[in-house]
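In this document, chain identifiers A, B and C correspond to the written order of the chains, with residue numbering beginning at 1 in each.
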Amino acid sequence: MRVLVGVAAFLAILPLIALILFVLLKAVPFLAPSFFFNNPLDQEPGILNAIVGSLQLSGLTVLISGPIGIAGGVYLSEFASPRVVAIGETAIDVMLGVPSIVAGVFAYLILVPVLGFSGWAAVAALSILTLPIMMRSTQEVLRLVPQAIREASLALGVPVWKTALFVSVRTALPGILTGVILAFSRALGETAPLLMTARGTNAENWLDFSTTMNAMPIVIYQYSNAASDLLIGQAWATALILMVIALTINVLVRGRTVNSRTA
Amino acid sequence: MRGVDMAGLELRRTGGLSADSFFRRITGTGLIILVVALAGLVVAFVGYSNPLWTIQSPIDFLTSSTWSAGTINENGEIVDALYGALGAIFGTVATSLIAVLFAAPIGILAAIFLVEFAPPRLAAPLTFIVELIAAIPSVVFGLWAAGDLSNRLRDTIEWWIASSFGRFIPFLSEDPESPAADSVFRAGFLLAIMILPMVVAVSREFIRSVPISLREGYIGMGATKWEVIRDVILPTARIGLIGGVLLALGRAIGETIAVTMVIGNAEGVPSSLFQPGQTVASKIASNIGEASGPIAIGAMAALGLSLFLLTTVISLIVRVLVRRFAVAGGRS
Amino acid sequence: MATEKRKTENTTTGAKDELAQAAARPAAQAAQRASASEGDGGRLTLENVSARYGAFRAVKDVTLAVRPKSVTALIGPSGCGKSTLIRTINRMHETLPGATVSGSIALDGVDLYSSDVDPVRARRVVGMVFQKPNPFPTMSISENVSSGLRLTGGASKSDIAGIVEDSLRRAALWDEVKDKLNQPGTSLSGGQQQRLCIARTIAVKPRVVLMDEPCSALDPVATLKIEELIRDLAAEYTIVIVTHNMQQASRVSDETAFFSMDDDRAGYLVETGPTAEMFTNPKQALTEGYIQGRFG
């Protein structure tokens, strides 16, 4: 029995190791400074506009959906009646289950005709995906705040809204910020919605959301089928960068709780 | 100073909109925005898929494997257009089932290991590593699979299954001379790897939540660890474990990019699992660029609507299940 | 105040004598305080107060008068609604979904439940100390004490430091924390945390301080310190304390109110009176039974 479950656990970890090793192997030959600092149309092509584009798109997504998600989470935890909480949680559950391509198609159908293939449409699609994540994580973290300190605050004659803000949220703040950072990391890795909204581009783009933008996942997808070895190699290199960023963020943000977690 | 002199003055309500009410509304707006977005999704997909139903019925959509935009006749009308998504639906079902077939047992067993057998100092880091897999973007998985995993699977598991069963079950057959570059099976296997962390994480939570008193009671009667797992933990956690698998299933159904990169985008229902195919998600990704005109777009919207409905139903089922588990006293 | 060693004898009469002796002390102090000025008020009048959780009535028709600047103990077996009752006094009971209160509770003649009254403001004049110390985890010691003031705008910034020191002194905690005011509130021991909560409560200058079993989570040494503190605080505040510990009630209170539960599981007031009398010569058989330890 012990062997069986041990093997299962090993199998669960094996793909991660295999993947990391393989990507590393394929990517390293293509990691030159020009890769990071040049644009696709330069003499020595690089993916700068994709790196910049990813950061811009995910950043704006989090900037927009963060406050909305946090507000909704605060509402569900501190103000809503039990019936509203049930309805709200169901809605969040459904939204969490929406596949990323559905969000992308939605933006494609509704926003692209109006805004064109643009960063705005991409941000809208990504926000549909990150909004429920942030609302759920905020609500969960607030749930961990002991009711006893809310009572202490109310008993002092502090109004409910100040209790919610200066006691509950203040106590839960680290967890809320963690949720935001993790949502950012998630947004960085999304591909399908970007393919049909921001589309990818070879041109430089600094904060111009009204037109097409490049992003790392787009590069990986588009270059993977490219004809030239250089581009295929850069697909691997980009995959490495993206993976390193995602893993680093996760380790930094959630790794701290590994030791304090009760196994 | 306040509180010292009373006579009711310090206690009086302030008229008008209180800060409490204002704050309540502001934060409530966040929730409203989410609900509106959800409603918007529903309306958009239903609305945009409507034109498709003018030329064919939903039954045709679900049961026909012909996907053709038709031709334009001399009157400028579109004729012979038939958007049958059966091939894609088959692919979605097949890949998801393959994914769950592999991920469910391995995930649950791994979770049992992490909770019941792993040394305490090892358990937390190991769990963390398994969950890290979930942080890796799907496109990276797709790239790796296309570049490496796909071929490995073709040469090992696929070959083994095909040579063992391919003669009896055509569905599992493969031409040994020219095995396909992409296949439905490989997409399913890749999905299994990608959804595994979710199964492990959810299973772990539910296994952990089985009350210690139940375990101790059984051990007190002389049961071995395995018996405790089989007779106490698994039955108690069963609903939650099923919920976890369903959640993972929902994820597998919606996964697009990784699948698109390994499944080969072939029309219709494949003759074998080891042949290329498509899923609803990969079909949308592959075909949406070319779709123009309300009917073609309607077909895309109909595909999206099917995905949306499917994942929503799964989410709701999971929610009901988990609620029932909590009520049954599983969760502390 | 010297704490005398108690002989624990098992005879009922012996126990009665002890309780009587212990009960006599606060009565003497109360007499002292009564002669001092009553001008600042703190008189509580409860009339026909009932408290419900939805349809279930947890407290039935309590009528009770609490004299200003005294200590009143609410005793009785578990489940008799004592905690529920004191939560009606500072309007905390109604913050639970479906919870309602009927009857009137007047503080110095002002009905706290009148529709004119803002419950939030009512809670500033009726403070509460909870069973388990609950300092705010993200705040330092001094921030904890001043939290009520800062969050309700009760004092100007320049006054706050002075009020913090004053409150900590009154809570008998100043000497122990004066050098570490910036440390987290949770870094203190249990007994110190409870005194911190008391300091926090009195910093907003309430007239009444409610205490819900404030010592039940503390060790005996910490408990004794807090009991001494309660007797001192009664010079300034009206104190209503719920306690399961009869000896504590007799040590600490001027008046005692005994509660029991009727057949519908509603708590009701059986008897109330000066502590010394309640413990030596209760009027109701039920009261005597509880005090003698025959049930509860």
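The rule we apply is simple: contacts are C-beta pairs under 8 Å (C-beta built on N, C-alpha and C of every residue); 3 or more make two chains touch, one makes a residue touch a chain.
Since this is a predicted model, take the numbers as computed values, not measurements.
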Point out which chain occupies the most central position, where each centre is the mean of Cα atoms. A
Outermost chain relative to chain A, judged by CA means, is C
Whole-angstrom distance, CA centroid of chain A to CA centroid of chain B, is 17
Between chain A and chain C, what is the gap in Å from one C-alpha centre to the other? 50
So how far apart, in whole Å, are chain B and chain C when each is placed at the average of its C-alpha atoms? 55
Interface hub residues of chain C, defined as touching at least two other chains: 121-122, 124-125, 204
Can you list every residue of chain A that touches 2 or more other chains, as numbers and ranges? 159-160, 162
So in the complex, the part of chain A that touches chain C is made up of which residues? 81-82, 146, 148-149, 151-160, 162, 166-167, 170-171, 173
Spell out the part of chain A that touches chain B in their complex, as residue ranges. 1-2, 4-6, 8-9, 11-13, 15-16, 18-19, 22-23, 26, 67-76, 78-80, 84, 88-102, 105-106, 108-110, 128, 131-132, 135, 159-162, 164-165, 185, 188-192, 195-196, 217, 220-221, 224, 235-236, 239, 242-243, 246-247, 249-251, 254-255, 258-259, 261, 263
List of chain B residues in touch with chain A within their complex: 18-20, 22-24, 26-31, 33-35, 37-38, 40-41, 44-45, 48, 105-107, 109-110, 112-118, 120, 123-133, 135-144, 146-149, 193, 196-197, 200, 225-226, 229, 250, 253-257, 261, 281, 284-285, 288-289, 297, 300-301, 304, 307-308, 311-312, 314-316, 318-319
Residue ranges of chain C in contact with chain A within the complex: 90, 92, 95, 97, 120-125, 127-128, 130, 132, 134-138, 147-148, 151-152, 197, 200-201, 204
